[in-house]
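Given below, in the form of structure tokens, are the structures.
In what comes next, chain A is part of two complexes: it sits with chain B in the first one and with chain C in the second one.
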Partner chain A sequence: MIVIVIVIAPLILLFSSLLPSSLLLAFEVTHQIRPGSVFETTALNSACSTITGTIFASRCNPALFAYSKDSEQKITISMVGKAEGDSIDNGRDLIFKPITEDTIRRLLQERNFNTFSFNGEILFRNKFFELSYSPYYLLADLYIFNPAFLEVSIHLVSLEILRVTHGRKILTFSPSNTFNLSSGVSLYYYKHSYENTIISLYDLSYKKAVDLITFKTLYGTSADIGLFLDNDNKYIPSLSAQVKNLNNKVKEGKENANSKSSLYQSTLFLFDTYSTIAIGKGVNTIIGGFNVDLEFPFDEFYRELRKKYITFGSKYSLTLFSLFFSISKYYKSIGLRFDSSNFNIGVLYAREKDMGDLQPKPEQSIYLGIDIIL
Partner chain B sequence: MINAMINTMINILLFILTFLTLNLSIITTVVSADQKIDSINFFVQQNAKAEEKYLFNPYEKIISGVAAFLIGNVGYYTSTSSVLKVTYTGIQTVGIINIGRSIYASNSPSLEKSFYHLMTDSSVDSYSKKDLSLNLLHIFAQEERAKRIALFYGSSFITAQYAINAFVYKSPGNLKNIYIFLGSVNAIVALYSALYKGEYEKYYYGPSIEIKPFITFVSSGITLNIDF
Partner chain C sequence: MKKTSQLITSLLLLIILLFFLLFSIFSCSKQQDSNSSNNEFLNEQKMKIVSAINNKDADSALKIISELSEQNQEEGEIKYLKAEAYALKANIDIYSLFPMLKIKLFEFAINEWNDIRKYSERERSGIGDVVGENISDEEINNLENKIKEIESFPVEKITYTITDASSYYHEYFINPYLTLVARCYINLRFTSPLFVENHYEWSYLNIPTKNKDECEQITKQLTKGDQSILGLAEIANQFKGVQARIKKLAIVAAKEKIEKTYNRRAKEKYIQFFWAIYDSLPIIKSAPILNSNEKEHVLQALSLLKNIKDKIAIEDRIGKDSRQHMTLLAGFIIIEAIKSSIDVNKINNPSDLICTFMPTNLIANYPTALIAARYLLEIAKETGLFNLKDELLDKAIPFLQNAPNELTPQQQKVFIHQVSKIKYDTGC
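Entry: the complex of A and B
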């Protein structure tokens, strides 16, 4: 299987390099916690499009809904958030507390990049569809560009999503081994409240602190579409292809991309339309289950391969215990999850560079995830 | 002549109706007879094809529970923040709960499997009321005992763990008080589980105090029993 990965991966790289390159944004930020994330997808850094048979598989790829093992109706409350990190306190204060002059002054004195992210949702699933409501996807990114002049780029997001997911096997064919093709779609309605701005010490001299940050709101509908090709051969890998955030109107930061200042933040793989191709394989042994996944992300509709964000994810699991590992150029993480019949708890240790090459050294973070299954 | 023809036609019609009625009664009788047989076969077939939840190996629940317990303790000892300490307490608790559930699973009976053995025992044609009531009594007694033993060991381990968290590891003051409170509550639950038996358990096994976790592992036809 490893030989096949080594053969296929360069072909994908070669094919994508022939496509025209998109406009390169000066200041892109991404996060491990994405809209719709649960602990498992965070721990694998979304490199999970080919990992079937888990409760949250459809979060990675809606086509995996067809492989849901458990046909009982379930209600699950799921939360994942950054609990510890070098910059956690500032982000939490901006989201949950009133913004005061003291808060702004403290921000301007702190280290360069501060970030906080959190996702919480309620999920109902049966064998026909999955319905989820996420009242809070929270994001707070702060970046100090010039300590001498003290300008801070602030990006705050509060996202509310109502999502319905369905997937099914659409084709089975058996040239020599049996291949199953499944497809899935996830439709969602969002309310996106955000502020993406720059503040400086000079602004404090003539404006009130609370007026420096004013939220704007966007409403809309969007969709994720996925395909998954599985087989019963232990050497041939599974393949998946997805397009995420179709018809999403959120383009914050991109409207400022051509401005003279490159200080505005632009998010990547969070709200923008992007696509992925993944190859992976899973095997069950007497000592546990092993899954590996290699994810290739593209801009928009397979426009340009974002090579620096190619991610490898792996998972080892027993019925009640899972170990996750993911690695990419900017993210390295290892996570543990412990399950019981009604309660799952997970801890994830990560070294991350949300700003990519612009971030001089990685931030050490700890994420916590809790699932309550009713 | 016409009358003869009419009579012939009536006879033919009567013959056809009789033929159909006879066949219908035969079919009905056959179906009824099949239903009487099918209820036993139906139960046996359903039991045979009942899906067992997939397990990688028979020890994995215990392994997962012990791993959670150990990792929870190592993580708690090495963490400095309250948030992480609470998280690792959660992990310790999940591990202990899973150990308790494993003890329950190895002691609890299965009503379906018990009746499956009764239905498929070829040496017995029928059972008396007394046989059936004794069988049911055994099942209820085993179930009560399994719950009591699992609760006893789960609560005992939690009491011990929270005592270690409060008095051995360095815990913040407010967390320490919470551990002492929760540990005390679990100690009362453990004591109650050790001393109080349900009615079915008392009748079948006797009133004496008994707290053996009778763990049974079945693999490839070899049965390993561990008594503590």
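Entry: the complex of A and C
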């Protein structure tokens, strides 16, 4: 078993990098809230796969399940979503007010990308496994472009997930310091309803929006696998390697492309198969615990490093208070969380460019996260 | 021994992971074939073009496109973006199109413009009326068929009915014997099934009579259609040429009817044209006047969009959008041509519109408006825009295709004359 994990997994990773590349996708969009996200993973923009000993650890990396502090059974209800922001304001205007020339002008010139995302789930954990059910992962992206002949790219997703996670230490060795190698797997069943289309303002002028949007549904089983190598040396960092969304039928929106010439929104690091390598370290001091993590994301099976999305995340915690900070080319966020025995609440301020360089200026958003521990 | 083995294994794993990390970061992305490299390059360029267009920087967008290889410039999406950049360069963007879309945004389809009358107190409105209602040649065709029928109809079989008769009795003496002569002059109005509509013809009889009473008696019998009276030698003799005359007159009457129909329709079309313009004044007012450069850019955009339309099916996004944008741009050109021919600020009622209409300005814009109209009807034929009937479009499209690209001085003169006549009739 150990041989398989040690030898086969890296070989798969290495050989997979030689697979032929596919087309770069148009309108690449990333999000802070991903399927399975809780407040902490959102606050760290998923740069957390080497941060152990937290309630959210196995969300970042299934191999970290082995580091769960609590062995008692727990049921947690978690919710995280965008509570306020420019997108929310624009969405409100678009839905509840007549579309005027001013609205169009404002959207085009100031904020042509508007997004809303939310994840809610109920989670049961014991010392053997973690079972979670997410009735709603919601995503609504709206990109308005081409003022010459206005088009609206719409990506709507409603995702339902049932997930089971397990991880364990598979190897311990102590040359001068003790090293622990853990592996973990998170298997999940999903129902992915989506619409990813582009409509013109002309379409809207003679058809109702409901006639232009037709939801399609994909069902399937997918998995995340992770490795984590930890040590007790103050200076040697921890390492992790993960492959996410193995066997997922949702391919960055490609499945919805109706022709080679079509543009469409392509979501990165959400439903598509992607992989990460991370390096990080945690230190406990008398003034609190510090954790840092640097995450390197790759397309598919380590095919290509997406340098623009390399993310640094850090966490500082002191008793019931935690401070989160993350930064990458397109995201900067800072968040606070207060814990109690039955209730955690977190608030996050983010400046984000989900569409990267295509977005004229960053959106300022407030995210809220709530955990209810039963 | 076991510990040593574990140590070696662990170090090996660490080395592999670190190696892999460095390998991935610095060299992975080089393994790509040339095809996908070009695709990636092209998509990156597309994104830059979209970004430039979003910033309304048409020059930068066109510059990026011009730097692409010829093969890449032929790609559908690139060609479409080029058309969009030209439209922007002509200052036609969503803000100028918005008033056109706003009419029915979320209420009515633009391709159902005929329904706009529901929003208007007037019955006559919409471009669809002008284009669609009176192109039918059915009436003209019927008349032409009628002429052929009359021409081939045997003269001896032509029937007629006397509908009215009036007489005049006259006595006089003939020298040198002072013989008294009495004559009965009868005016007859008669009709024939050969005539179009309720056409009548007049004839005149000059017959001998004994006295005034007999003259009146004959007249009454003729009015009642008494065939026996027609058999009288003198009367029958004078009726001999009537059937041939009816035939000739029926042909003349049918031809006159065709001429009148044409004239009436021409007048109706002008009136409808002005009604449609009057109804569309809010849109026309909001349309900017394009200078010649801008007009040239719109025509370039239209030409590119037509090229896309001819190659890409409507089911494809680019295919659909190119057709939709063509419709708007073509409509825009036509509206602009009309706007430059009227003084929108002086129009308070339809007669103001007629009185301020400047036919020479419309003549100047005729070449571009003609191109736009050709594009518009082509789209209408393909997509059912304006709900025009196929048979009408089958006639209108070749008509526009064969129309001269520029009006001759003679044609210009006729147009100006007809507009002047309408202005005169309106009391301008």
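In this text, the second predicted complex is superposed on the first by the 316 of 374 C-alpha atoms of A that agree within 3 Å, B and C clash if a C-alpha of one lies under 4 Å from a C-alpha of the other, contacts with A are read in each partner's own complex, and residues count from 1 in each chain.
Operating definition for what follows: a residue touches a chain if its C-beta (ideal position, glycine included) is under 8 Å from a C-beta of that chain, and two chains touch if they have at least 3 such contacts.
Since the structure is predicted, the reported quantities are computational estimates derived from the model, not experimental observations.
K.L.:
Looking at the overlay, does A:T285 come into contact with chain B only (first), chain C only (second), both, or neither?
P.N.:
First partner only.
K.L.:
Taking the superposition as given, does A:T214 touch the first partner, chain B, the second, chain C, both, or neither?
P.N.:
Neither partner.
K.L.:
On the A-aligned overlay, A:S340 touches which partner chain: chain B = first, chain C = second, or both, or neither?
P.N.:
Touch status of A:S340: first partner only.
K.L.:
State whether chain B or chain C is in contact with more residues of chain A in the superposed arrangement.
P.N.:
The partner making contact with more of chain A's residues is C.
K.L.:
Using the superposition on chain A described above, determine whether A:F145 touches chain B (first), chain C (second), both, or neither.
P.N.:
second
K.L.:
Thinking of the overlay built on chain A, is A:S174 touched by chain B (first), by chain C (second), by both, or by neither?
P.N.:
Second partner only.
K.L.:
Go through the superposed model and pick first if A:T319 touches only chain B, second if only chain C, both, or neither.
P.N.:
A:T319 contacts chain B only, not chain C.
K.L.:
If you lay the two complexes on top of each other, which residues of chain A touch chain B in one and chain C in the other?
P.N.:
none
K.L.:
Would you tell me which residues of chain A are touching chain C in their complex?
P.N.:
2, 6, 10, 13-14, 17-18, 20-27, 99, 101, 104-105, 108, 112, 145-151, 171-175, 179, 181, 198, 200-208, 229, 239, 241, 258-263, 277, 279, 296, 298, 302-305, 357-358, 360
K.L.:
So in the complex, the part of chain A that touches chain B is made up of which residues?
P.N.:
Contact set of chain A toward chain B: 83-84, 284-289, 318-321, 336, 338-341, 343-345, 347, 366, 368, 370.
K.L.:
Give every residue of chain C touching chain A within the complex, in rising order.
P.N.:
Counting only chain C, the residues touching chain A are 3, 6-7, 9-14, 16-18, 20-21, 23-25, 28-29, 31-33, 36, 39-40, 43-44, 46-47, 50-51, 53-56, 75-77, 80, 84-85, 87-88, 92-95, 97-98, 101-102, 104-106, 108-112, 312, 315-318, 320-321, 324-325, 327-328.
K.L.:
Going by the contact rule set out above, which residues of chain B touch chain A in the complex?
P.N.:
53-57, 60-61, 63-65, 67-68, 71, 75, 81, 83-84, 87-88, 90-91, 94-95, 97-98, 101
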